[in-house]
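The two complexes that follow have subunit A in common; it is paired with subunit B in the first and with subunit C in the second.
Then we have the complex of A and B:
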């Protein structure tokens, strides 16, 4: 489908939805169904808000229903006779949303470092405390009205338009819901969306690529609370009353069901889930007490049939097919990658007269670094320097502490003793995203790609730390957002293009998981390059590659230094590669440096032969 | 050596979802043989192992272990009939002792006394593990881990041992050691099926080899012939590391 046709279809689709939303209130048989129409809109907003927290950022937030309640009660207190405060709706709505967001922030800062089950427990406790407060804050001063709640609110008045009838509510609610839907789409398709996606897929990899995971999770938490607060205010006004029971655990379960049924993270799916589960109980009403049983049964069946949610990837439509790279030529090749053209000679940038080579200034200095795990010393009093534009290889037996050195430099571990200096300033103790921001990127030995994200998005998310657009620019699509997105896309394509056609073309939109092994290795490198860091730490870049692929990667790494002036720290087992490109080689054994020098010096060292190379000394 | 092959794959097709990955695979492994399967990345090597283990169900063809059909059987069933695997990266249980790791290998066996005897026999074969029996798996060196992974697999008393890329991510010294171990195990009479990228190394110890390319077997011959095959030299054996 051409871009134009896609645009036209999208336009027609949006127009149809708008028309339907406009006409639906007229075709509702009675006020009862009009009210259900309105409630459905509120559920759509609620589940979309939850989708930001649970779907985008992957946080199990059980305080969500309390945020809904905070919004509801804020409206109730500021627009009723309870304290005789009668603020207009257009002021109360933002207050409710922002106040809820503040609560979200406060709860988030204390609990967001917890993960999984622990976050769930803390947030659940918050929700329970909130409900108990609602019930008990009618004495000594009546604030919440206790179990009787608060009722009889001021009618909403928007620029003289009174919102009283179910029709007018329906329009107001669905108008707000539309704004939330559009906002969610824009968030998802921005650096925020990509950042959350990356955190959910692989938090460690996201951090190492410069995504400030804690801060981003906090923002998801607060963003979800913002939407819940707004929805709460609308709900309170619509129901013209608030009770503690409106904001209790069963309500939370229903919203979670909507999100999961629709498909976590899938915006249209979540909307569909919210609509279905709001309407379904109405059709089951005549079965009385059995209603909830049917409801549960339908949910179980749906989830058994489509565990990834209603609008998860639709698989049954595609037909049986051959693998896309099936070879019919009969020529023996060691890799499917070799069908694709190698990298075209790209313009040499930066270096004016010929090639870059090793400089005299120290870029990275490791001084007396030690690290142990449960009494076992992994790295012992290690010293070494990495010069500017140098290729330094670290070799050594398995378990010698090579990967630990990378983890110590990249901020995953904090050294127990010693210091790590980058351009003269201390980076030991910095968080992984801060180390990256300082200019040091890395790859992982056993590939930590964001598998469910496209090749292009993998390269884009690595630019997170350099992009700055905030939520407002994203939601309003301000020019600076567009400019930054374009720049981000251009650079991602440029970097992916360094690998010839292997990561570009139709592959740009493929999920990382569908790439061949060698291509995934290349993407791991491309991702590190996209960060624009000047120091690259490559952890076994050729592991699992055959001789031809290995030799290609070797040339590529050399080119990164010669042509583009990168400084490279390398862990490798394949000595051919090490010999061909290293300026110097460092040998580790049991966490200690046993040799350092040129390849030939090191390869002739008896200690090295004994510990690493073996008798054959290949 | 008797006449029924230990493991036979006849005209096997395997799919991932709707995409066909293996095409008409024919592999025969006789008693006591050491066979290697070579191929580049994404050629279907690991899928072949998964197919043998019943993790991927075959859609066409026959899979026979000691003459009995095992296609369609569950993984647990296939393992209990005598297939053992040393997975990629060895996958030692890090928080269990060496002895416990070994016992996990004999998980499906009921005769405890026989298992004890077998462990003693293994310790004779791999004396380096003897002093490490009560250390945690995580504390082992790379070479020791390798031995443990082999012992663990062998303790299920397999009639065939599958090895997934044994040389991956290993220091050169350990690569040599690994292949020596494989040879030792094979000399004791266990049939071994090695899946490798390191064609030189694998062919130097194997009896026969198969070469897989985009899901089809394109070459099958005695290891010595493959080492001298011009096409092989061009595609695989070029690098001598």
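Then we have the complex of A and C:
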């Protein structure tokens, strides 16, 4: 019933939008407003493209307006008398978009490793170089026409239909804008959208969970450039001229204002922001001189008061929020049901032989690994092996180098010396997402969940590296995409189900940040499990938990080994937990291994006692 | 090649002049970045407004392009007014646009700074118009020292003045940072703002000082450039800001002596580049330097590479 209702609403909504787009050109009072209508469509596309880069992926790209310009000038050069090239529009448009995408890609590869401000400045410098080239490339050979630009283009001819009148442009532009809007929605709701979201929230965690951050950022750059290039070609044709000033810094600021006013990442918001800021200045035309000042103020005030934008957090457009303490019928839940219910209901596949038997095959081997930070040796010539289906606990005083060992294995640091072998092949020096792909997942001591993403999406992101649908399948919703999404969703629910009702039910749609502390710890583990890695590295999984919760987590970890056949490397301070589940224990102090063996052997070791308690008789 | 060598001393002087200006601008970027890790996009605009402040002083104190009092006094007043106006403006910007965002993600701070930049630029556009304002400086300098010739090298008095003032200001700043109590507090705040607070340093106040000093130096640079190139318009801040930032990055952002060195290197490079490339491409050369440095050595010449803490 509810599903049908949403379907019906969606259908009615789409029908209304289509009807409006069809009728609007007729109700425009004159050609002037018809042109504003067309320009608005171009701004909608432009803002949505920027939203892919800055909103989805969180990259402050100040060269964006140059991409718009590359699209515009490509059109200008390929369908005008400038070089006497007259290609049909249906060929020029894809060329402009793809060429701009190539430029976006090139710019991305050079600047993508820079973060935040640096990226902004490098891209700004690129944009300046672009503009200076536009202005100066009229000599010695006249390419861009310098400050005079290029004008008088061929009329667009689509299968015999000439696009000349403002009405026909309005239809063409808004048809393209509609495609871009739908494409953005589809992107946001796919593995791409989730991957970008994760990178924006916590890049390191995203990498460790298998998202190839560099590659995804590049794709965002390229995707944004693609849209900007197409919009640029349409704009050039619509204006019938291109000038360097069309693609200058103030233009960029206008587009940024549109995106931020609507709310970075919020597609409908951005569309509304673009429409609002395209039309509003027309009503304030007598104050035209103050227009840019006004844009500056918008940025300052929005950042101070409402950085999420106008529609950023308005409920009816975002996901419908459910009261966590009520069930669907509105009856209050008893919280005890949630907290003290018994074990998982669902069987997880993937256990190799059903029952636990410790393997004698080495899964992970650390050989002579060293790492130092500015003179302090954090890990010193460390050797150890992790056998299949075993729980090896690493203990040691604070600063012993335990977390550094995790960082070295998971590829966050590259060891200075030594090697890390997984199933016999070297993984030292691999990037974090490659280590994960090889089959090693980890959790973080100080929780690094994607806080603004839902519980379900947190578990789905972790499957990024296993899912393969490309942009085409996503944009066209090919069967391949649907199949993979369903499988991804099913597996995420299955894994979350391992924790009983704590992470399922109404909580699936809650933001991770709204979970209780213990549940966030559980989600951190669930996320690592969703990757389907066979080796888990758990960094203090019970930190901050009460005895009841600790005991539960201990059982859970044990079950992961016994029932599902995981191989587990564990850092833990609670020795009770360590004693109950470890097959072997490794003790570190000052980056060196000082003992290794069963819990009892290690606990009786004098060196270990000294490390923990100090030497007698001092 | 020979012609090139003949030009060399001349270009060195030109490079040193503009380099000193870049260095002054770069200091403002680097001081703010050193403490708040934010890129003060509006700094170029503050520089531009400093230029206008200098112009107004000159304008009010001349009749028919002739100064009404001692030229040295006018020039000093111009620089002081520019420093005061820009310094106060910098503090205002910090108070109104940046301080409310101290805890916000950095991208918000950057966007707010972008907003301030656009706002100030267009404020000046609306009140001063788009046409450049000209500094009538010829009458300021006595005829016999307007142009100084040493051997084959000819340079103007203004260049000497700009070099002298910019280096003097830098020396004063270095002394202040190294020797005074406030300077020490600034260095402490730059290293660890939280720890500095625990040591009893009023870090909010230090941040105000940083904006005050950085912006004042930027304002001085604005007036010096006005004296040198005899004009200022609402749009000069954008380019100059980028140049200053390039210099700051080149020297290692956050490092004050680095910013000075970076400015001078950038100025010299630009001056020498004009002997090889057409002068329209001068800006392209410096932006290319910026891009290359950021990509291959983002911590600059004198900055330290800090590993990310996990």
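As a working rule, the second predicted complex is superposed on the first by the 554 of 618 C-alpha atoms of A that agree within 3 Å, B and C clash if a C-alpha of one lies under 4 Å from a C-alpha of the other, contacts with A are read in each partner's own complex, and residues count from 1 in each chain.
Keep this in mind: contacts are C-beta pairs under 8 Å (C-beta built on N, C-alpha and C of every residue); 3 or more make two chains touch, one makes a residue touch a chain.
These numbers come from a predicted model, not from an experiment.
Applying the stated contact rule after C-alpha superposition, one finds that A:304 touches subunit C and leaves subunit B untouched.
Contacts of A:551 after superposition on the shared chain: subunit B is touched, whereas subunit C is not. In the superposition on chain A, A:575 contacts subunit B only, with no contact to subunit C.
In the superposed model, A:475 makes contact with neither subunit B nor subunit C. By the touch criterion stated above, A:516 is placed in contact with subunit B alone, subunit C being left untouched.
When both complexes are overlaid on chain A, the residue A:95 reaches neither subunit B nor subunit C. Contact with neither subunit B nor subunit C is seen for A:508 once the two complexes are overlaid on the shared chain.
The touching residues of subunit C, counted against subunit A in their complex, run 37-39, 96-97, 100-101, 104-112, 114-123, 125-126, 238, 242, 245-246, 249, 280-281, 283-284, 287-288, 290-291, 294-295, 298, 307-308, 310. By the touch criterion stated above, subunit B contacts subunit A in their complex at residues 15, 17-21, 23, 39-43, 89, 139, 141-143, 145, 165, 168-174, 176-177, 197, 199, 211, 213-215, 218-219, 231-232, 234-241.
Against subunit B, in their complex, subunit A makes its touches with residues 315, 318-327, 330, 332-337, 376, 395-399, 445-446, 516-518, 540, 543-551, 573-577, 611-614, 616, 618. Listed in rising order, the residues of subunit A touching subunit C in the complex are 58, 60, 110-111, 113-114, 116-118, 120-122, 124-126, 128-129, 132-133, 135-136, 204, 249-250, 253, 256, 260, 289-293, 295-300, 303-304, 307, 373, 403, 407, 412.
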